[in-house]
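The same chain A turns up in both complexes below, where it pairs with chain B and then with chain C.
Here is the complex of A and B:
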């Protein structure tokens, strides 16, 4: 990803917390905040969901030097590709750590209110009987400072205790 | 200061003077029920079409319990059922999920419409479906249900302001 956007990125501030599914829309702040997001369903032995979420204004600043525009088809394609790179790196690390197989679906790219995305995900979780879920949250930073981008991993089959015991 | 109604939550009131809002509706349904003669208002943030049990602890979470529950609570405040008008927003297909969950937004919408039709509650306006999020706001001062979307103009669902018409009635 660093080569793609010609900036150096690091994943920092990993946190693991337990939430009611219905808290998800406000997990990253105001539910009406417009964001760009790459969303993946995770298959394999560690089913769940993975999202790379960035505020719309930061995406424009990130992508304009790369594709010449902050929005549109090219920009959305780049968001999906960035999500692919970051998400795959994260999942590979998780899969190695737990000695399991995990693979993401192709990304779905969103440019919408964070609450609409996370609320819809909460509905999927609640419909599957998951009223509480663990959330692994990371902050992405770049060499010019903190980027308000988050990678969220919501495993369906692991509890928070199981995740912590396996650290 | 607006009252934000979270997933599976609801609000009911008489002579409501505060804005009520549901931020970021995706597949969920934002339901407003307005009885303007008595100035009684109800709003629910419905997450799923059907409750897994007859008397769930969060009745507003499910369409099949939210509608009768909201009507019951409004009647307690003096609302006359055949004067209630509904306004809906949400029911989008946001996520393509593999598995048995299907299109939750469409199923939510069908369930809410069915529950309203069974009780002969008229739908006065709606902004539903699609693949995008919505925020539904009840503007108390104007008596309007307003839908906002990212990158689009606001949409007013109420064809006429839904304000009390009964002499002496409060402002809904």
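Here is the complex of A and C:
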């Protein structure tokens, strides 16, 4: 991500927690916060969901040097590609470590309130019989503290205990 | 200078690749997925293809195999964020000449072009 946007980011938090699906809308704080998100399904031996979430009011500063604008078709394409690169790097690391295959679908880009976005995901999980899910959360912060981004990985087929035991 | 077919579903990434290649004097044509790539390849017979993997309609590995079935001399370089070991091995076994993991440095792209088309 740092290479792509030519700004240095550092990982300031990594956590792995178990949540009921209905808790997801409030997972990242105020549910009414407007965000940009790259959303992926994960295929292969680790099916699940991957999201890169960035607050709307902070993302324009990231995109303008790259595409000349904070909104529009090219800006959304950039958000999707940033998510693809960050999410794929995360999956590459896990896949190589455990000698498995895990790949994201092409990204879908959303601009919505974080609560609405996570609520939709919770509905998908519940309709698939997943009432409780593990969430791996990584926070990325630009060194100047201007932008925080969250990468959320919600695996469908592993329990939190299995993930911890496999480390 | 070469005619390069850039295949990526992200318009943003096509723009970045095109900028790097055009500034080095190459001509660029674009496709947004594997199906378009096969059609563009048949029409234009480019000197080199820079191919993403994760795309809608048809992924880059499938498109690579189909292009090589039509033209075994096709030169295809994979440029993808999906750089896990099994994927790199599959791409190279399928006939890719090189594998560049995103995000790329412009020099890496130009080196790959130089190696393939001189």
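Annotations
The working rule: the second predicted complex is superposed on the first by the 162 of 167 C-alpha atoms of A that agree within 3 Å, B and C clash if a C-alpha of one lies under 4 Å from a C-alpha of the other, contacts with A are read in each partner's own complex, and residues count from 1 in each chain.
To be clear about the criterion, a contact is a pair of C-beta atoms (placed from the backbone, for glycine too) under 8 Å apart; a residue touches a chain by one contact, two chains touch by 3 or more.
All of these numbers come straight from a predicted model, not from anything done at the bench.
Applying the stated clash criterion after superposition on chain A shows that chain B and chain C can sit side by side. When the two structures are aligned on the shared chain, A:34 is found in touch with chain B, with no touch to chain C.
In the overlay built on the shared chain, the residue A:105 is in contact with chain B and with chain C. Of the two partner chains placed by superposition, A:69 touches none, neither chain B nor chain C.
Looking at the shared chain after the overlay, A:88 reaches chain C, while chain B stays out of its contact range.
In the superposed model, A:17 lies in contact with neither chain B nor chain C.
No C-alpha atom of chain B lies closer than 12 Å to one of chain C in the superposed arrangement.
With the contact threshold set out at the top, residues 105 of chain A are in contact with chain B in one structure and with chain C in the other. Those residues of chain B whose C-beta lies close enough to touch chain A in the complex are 6-8, 23-28, 47-48, 61, 92, 94-98, 101, 104-105, 108, 132-135, 148, 150-151. Those residues of chain A that touch chain B in the complex are listed here as 21-22, 25-26, 30-32, 34, 39, 41, 43, 105, 108, 110-124, 126-128. By the touch criterion given at the top, residues 1, 3-4, 66-67, 73-74, 77-78, 80-81, 84-85, 87-89, 91-92, 95-96, 99, 101-106 of chain A touch chain C in their complex. Those residues of chain C that touch chain A in the shared complex are 9-13, 15, 53-56, 80-87, 102-103, 105.
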